[in-house]
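So that you can tell them apart, the chains are marked A, B and C in the order they are listed, and the count of residues begins at 1 in each.
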Amino acid sequence: MSLRCYFSQLLRSRLSAHSNTYKNSVRHATYKASPFAEDIEPTVKYEVSKNPEEWKYVERALPLTIVPQPIRKESYPSGWKPQTEDVKKLPYLVQRTKNHMIPVYLQISQRGVRRHTFVRKIQGDINLLEQELKEFLQKESFQPIRSQVNELTGIIRINGDHVNAIKYFLEKKNL
Amino acid sequence: MLSNISKNLRTCTGYLHKYCSTSVAAIENKSNAIEPRTLAFPPKYQDPRQIWLESLDTIDQRKLALLELHPAVFAASPRIDVIQQNVRWQQLYRYVSYAHTKNKFEVRGGGRKPWPQKGLGKARHGSIRSPLWRGGGVIHGPRSPTPHFYMLPFPKRLIGLTSMLSVKFAQDDLHIVDSLELPTDEPGYIEELVKSRLWGPSVLFINLEDIMPRNITVATEQVKHINLMPAYGLNVYSMLKHNTLVLTRAALDHIENKLLENLHMNDPKAVLAKFKVDQC
Amino acid sequence: MSNTTEKALNLLRYLPRVCISNIRDNPGAHKQARRGRGQHGGDYHGAGNKGAKARQSYTRLGYEMGNNPFYLRFPFEPYYKGHHLKRQYPPVSLLNLQKLIDTNRIDTTKPIDLVAIMNTGLFRLYPDQQHFGFQLTDEGADIFSAKINLEIQWTSEPVIAAIERAGGFVTTAYYDAQSLHAMINTKKFFERGIPIPRRMMPPPDAIEYYSNPANRGYLSDPEKISKERLVLAQKYGYTLPKLDDQILEMLKERKDPRQIFYGLHPGWVVNLTDKVILKPLDEELKEYYAS
């Protein structure tokens, strides 16, 4: 069975050598590619079945390799919103993470005393975004909102826990 | 010596005469057969990059078609610090230090107490090879063999590859070729090709499979600075070491798709877990 | 819109070729591992003069100079009695589930069971820490709206009401530790090449829960379950929605009490490389796996 496996692999690699589609590269000089010296058959009687209906269930049980793309719907009951399509016309942009979520995080340090909110993956006019965020957050806060901008890495760091407020602000702008 | 040089000159000019072709008809015929590239994970935040598809059939450069490259792989942020960390990892993970110093138990002698504890007015000592003594053992010296194995986190290795490919593309050191088929197996041909196209003295050819066309393997066997590598062997150190990187179209598809899949990985648990040597 | 990446790549066009001799890590990334030749730590390295502390010869922690120490006076405490026998069900909320459905990480056109939840890669389960599956909590019960065929290990009444009001079906099912290991990492399990095991029956203290139609247990009578659906609808004040035939077929798909995966029977060996399924032919084995 293993010899058959090796030859079928070789055939597959030769046939699809000039295809443009992605395929697993074959490594010829490895332990797994070399055939066994003796083929040992098991003692239990079994049948080999190749039923496409049953194989669908196997594929259903196997995990996904890549994060699926969200589908366009009219409403999302959970409160999650997708990003706008025309993204290049905006003055600034907050890229979504690979899980399609908004990259706003809370960092707690010094035994819960220090709380910083980070907004990551910012492109474009980061200073304009910082100004607008400060204006928005200042309405709800007595203390002055302290922030730091890192243009190279595209991060704004704001003192305090404003994660939900910033997420609401960005979702309103469909970012 | 002169005869050697003249012989080389003759062979060079011979290749130039034989393999320099700029027939337009050939280009037109070829371009009809070339399909455009479709990018997996359509880029949203950056525009796709474009690159010429070339050929190794003739010494002169022939541009066959324009191909699109995914910006997440070929226009990623050029993180020089991550590239350096990858190079350091590649050099160190297999490095074993054989430096060795003897500790006090290993140094010859020193079993007997040199002089009695009390009465002499001298300092008290137990052996002549203690670390306090000249010629004594070393305390925290190098102990052979010391492996320096460590695994750089998977995301850093991934970003290292995308950064390096982006750097190569940005500095015009990346070329795409339809296949690695050469018309002849003489090393002079490939050397002349590289020289005339200004591909830099050292070139790294990347093919999809490890079994490569015969002519190029024979031609590059003797030439130390032109190397062949299968797609699974692509690494940051090799890309830095060679001036130019040449990918075949199939290798480009494979590498780009594999990197994009890993950038959009669903469950990174297996890949972020601590590295364990496979037992079977 | 400006982009720092684009700026950096444009800069590189006019800079010398990046090679091994002109790259470096960020400043401050590496601390020099070299020590000065002077004294470090003072005369006694912070340990003071003589005494047990300087000589590391003190009594062990908890020792009370001979009398029975506090940590040995009590051989057990009633508060942790039976902790090693209690089953734990890490929570998954209805809000979580709705988010997964909204972002297309879970397929609602197929029945959702533990395998589907683990395949999203967002939840972890540790069977060796007495985890027996997930429990569905009622956070998000008011906004939940998706027609799903859900199989969960533990849940409560308001959650069942929320799902049935939206037009779905819930079933509570028990999985033993070996089945859980197979379901958590299905790829790894298939690669082991062992036959799919039979799912074990629940332990005595769980049988009551899984035979109760009010909990939608998998061992209970389906007729009683449909009765309970009506009862719950009356209790919470909603009407059971009518369902299309297409979705109804999917929503009625249930597993056999001895089955772990949908569509795959115990005793089968799945070969992922050749994409075939090996089934036993011996009568004894067939009888055992079918029982």
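The rule is short, and it goes like this: contacts are C-beta pairs under 8 Å (C-beta built on N, C-alpha and C of every residue); 3 or more make two chains touch, one makes a residue touch a chain.
Just so it is clear, the structure is predicted and the values come from calculations on it, not from any experiment.
Trainee: Using CA atoms only, can you tell me which chain is the most central one in this structure?
Mentor: Chain closest to the assembly's C-alpha mean: A.
Trainee: Which of the two pairs, A-B or A-C, is linked by more C-beta contacts?
Mentor: Pair with more contacting C-beta pairs, A-B versus A-C: A-C.
Trainee: Could you tell me the distance, in whole angstrom, between the mean C-alpha positions of chain B and chain C?
Mentor: The mean C-alpha positions of chain B and chain C differ by 40 Å.
Trainee: Can you check how far apart chain A and chain B are, centre to centre, with Cα atoms defining each centre and the answer in Å?
Mentor: 27
Trainee: Could you put a whole-Å number on the gap between the CA centroids of chain A and chain C?
Mentor: Centre separation, chain A to chain C: 20 Å.
Trainee: So which stretches of chain B touch two or more other chains?
Mentor: 266-267
Trainee: Quick check: what residues of chain C touch more than one other chain, meaning two or more?
Mentor: Residues 3-4, 119-121 of chain C each touch two or more of the other chains.
Trainee: Of all the residues in chain A, which ones touch at least 2 other chains?
Mentor: Chain A, residues with two or more chain partners: 63-64, 67-68, 93, 123.
Trainee: Along chain B, where are the residues that touch chain C in the complex?
Mentor: So the residues of chain B touching chain C come out as 46, 75-78, 80-81, 83-85, 87-88, 166-167, 170-173, 237, 240-241, 243, 266-269.
Trainee: Where on chain A is chain C touching in the complex?
Mentor: 1, 5, 44-51, 53-58, 60-64, 67-71, 73, 76-80, 88, 90-93, 99-100, 123-125, 151-154
Trainee: Spell out the residues on chain B that touch chain A in their complex, using ranges where they run on.
Mentor: These residues of chain B touch chain A: 35, 37, 40, 44-45, 208-211, 230-232, 249-250, 253-254, 257-258, 261, 263-267.
Trainee: Quick one: in the complex, what on chain C touches chain B?
Mentor: 3-6, 8-10, 12-13, 15, 17-20, 23-26, 29, 119-121, 124
Trainee: If we count contacts the way the header does, which residues on chain A are in touch with chain B in the complex?
Mentor: So the residues of chain A in touch with chain B come to 13, 17-23, 25-29, 63-68, 87, 93, 95, 98, 123.
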